[in-house]
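By letter and in written order, the chains are A, B, C, D, E and F; residue numbering begins at 1 in each of them.
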């Protein structure tokens, strides 16, 4: 299995609901450094997994929708806890959507699985990994 | 598949038996920077994989049993080479034990697999990954 | 010159005022991974720059006052832009205050300069470095 | 599953053919920081996955064949795009060859899979992962 | 003293002349991950050292002049060894030029010193640090 | 000012004397990832600060004298606490000795200052920085 991983970041505010979150129930924020790994069993005719330029642009655009936002104010996240693991899935779904819309190029349809990892500090991260075909 | 990873470290002395270890047969030591990744297929009602506060505490307590020790003196490791890969398994088993004892909260029983990685320097690491159900 | 550096982190929400900040004028947030470097020209009788245990505790307590907060709501920061460079100075001043109160031990008065660095992402950081004697 | 990972690097020049590569069609170069992860389900009698000294030597020798080269000039790569993902496979195949020749010691035949990751910058990497038995 | 640091990277081919370089006399290449630290004794009215958006754009443009090039072919570097330390100075001079041209904003003239660090691998880097007023 | 930095590591056992060290009074160990930065105001005729190949060899040899040792057993360290900051000075002095013996090449006598940093974990490091002329 081959893979290519690209990295970017975004910075948001949010708060959580539930005793399990302790002081994180207060409005606070985070920088998420995001790694997106694209996987497929064989390379295309150019010897690549994905056009890394397009992949970086799509990642930047995807994170740009969230960057410098208070997630508590976004209708898409009303009533949900925007935990790191949840946001990993959000980024996953949006990257899959971009593949479906052809934004990563025609060859990107051969990508089988994607793993999205959000690093929230030097000691904690979360990820979602799934099949491109199974995206919500 | 979702995952959450937490990081901590411990510092120990030990020695190895066997020609394959060369100068590491002498008493020496290591700092192990430890990543523990918890995985489960779906999130709980709070949108989390695991209570990251509890996970960090359990990791700290687990490593605390080994921290600032000469592993050659610990009865639990008598006659065994406490290599990085072996210690990754030790940490794995103890984290699974903590789950079984409820120390990561009731929802932690939905964790399916755990991967423990010990970084012993900027150029070497070892890991053990297994099913929570199969722990020794 | 000798130095010892300890690392911890905090997560906050805030917003900025001024066209120069562009979209960062919106309420957003950040994880700051913080390095505090303590410097002195000679070691104490124990061969240390500072009690690293106390230094870590003081750093944790200092960051704890800010952690999981919306800085826009804190009276101490009313009307100021809590930029990364400004916050580096805030942490510097509070660490110096802790030295003055003896919280880093009696030997910590020999520390001459401190450098505080806040990493806000994998591509940006800010710092403040100053003499302990000159702290505001 | 147990694993051990070792790291080294190499520095090369090359160019790519195909519009998808944009300015990378010009002769340029890269530093590749390489991680090789060796995996097997159980440890050997010494409690190791692989002799880490031999693994480091084999990795150094493998990368040494490519280091400080213009890949466009090497007959082995004539007419192919030596992308990061392609080079990950090249390193994989050569490490497997070293196992087959006994260069990682007799116990290395129990290694089941290998993952080779090439980091080309702080924001991009590629990898190839495969079964030792399936190497080309 | 306050500082702000931004990071970006570029990828080039080159060769060196002189026995001291050993195999690096052959045409090869490198990825340089570049940190540029801007320093000034006090913050401006916005509480910043430099407009980080402009600083990132200027860094990207500066590195863009070198990115995906064979430095041996550039007239600016004819007959010189484009070592990592030399390139750190080149980037320094060009950033200072951008300040002089007002590309980092009017307040950037208060920047006193700049440090440019080029990381060429996980085990080696080089830097140039100087006064903005003394740039060549 | 120009600089070049090289990195390597060593792994040792030791114990400390003094209540300030708490559990670190027990025999334990550490991995030290070591950065040595060489500084000089101008480059030599080859456009380098130091022969990076020689610098890496000297660092490896210097750390090799300590690697896989119990520092408590070495006569050179009898009765002293081999703290991270103390060891940074030890490495500094030995590197300066290597310069004096010509092991970094004849041009290395133009190196003015050296900074040695020992990273003992992902959250702590120590350094010693001094003039080459002032080494003990």
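The criterion applied here is as follows: a contact is a pair of C-beta atoms (placed from the backbone, for glycine too) under 8 Å apart; a residue touches a chain by one contact, two chains touch by 3 or more.
Being a predicted model, the structure only gives us computed values, none of them experimental.
Here the chain-to-chain distance from chain A to chain D, counted in touching steps, is 1. When the contact pairs of A-B are matched by residue number against D-E, A-C or A-D, over half are shared only with A-D.
Across E-F and A-C, it is A-C that has more C-beta pairs touching. Centroid distances from chain F, each centroid being the mean of CA atoms, peak for A.
Chain centres were defined as the mean of their Cα atoms; on that basis the chain farthest from chain B turns out to be E.
Centres computed as Cα averages put chain D at a distance of 31 Å from chain F.
The distance from the centre of chain B to the centre of chain D, with each centre set as the mean of the Cα atoms, comes to 27 Å. One simple way to say how far apart two chains are is to compare their mean CA positions; for chain B and chain E this gives 41 Å.
Those residues of chain C in touch with two or more other chains are numbered 7, 122-123. Of all the residues in chain F, the ones that touch chain E in their complex are 1-8, 43, 46-49, 51-53, 56, 105. Residue ranges of chain C in contact with chain E, taken from their complex: 16, 18, 20-22, 80-86, 88-89, 122-130. Contact residues of chain F toward chain B in the complex are 7, 9, 11-14, 23-24, 26-33, 67-70, 73, 120-123.
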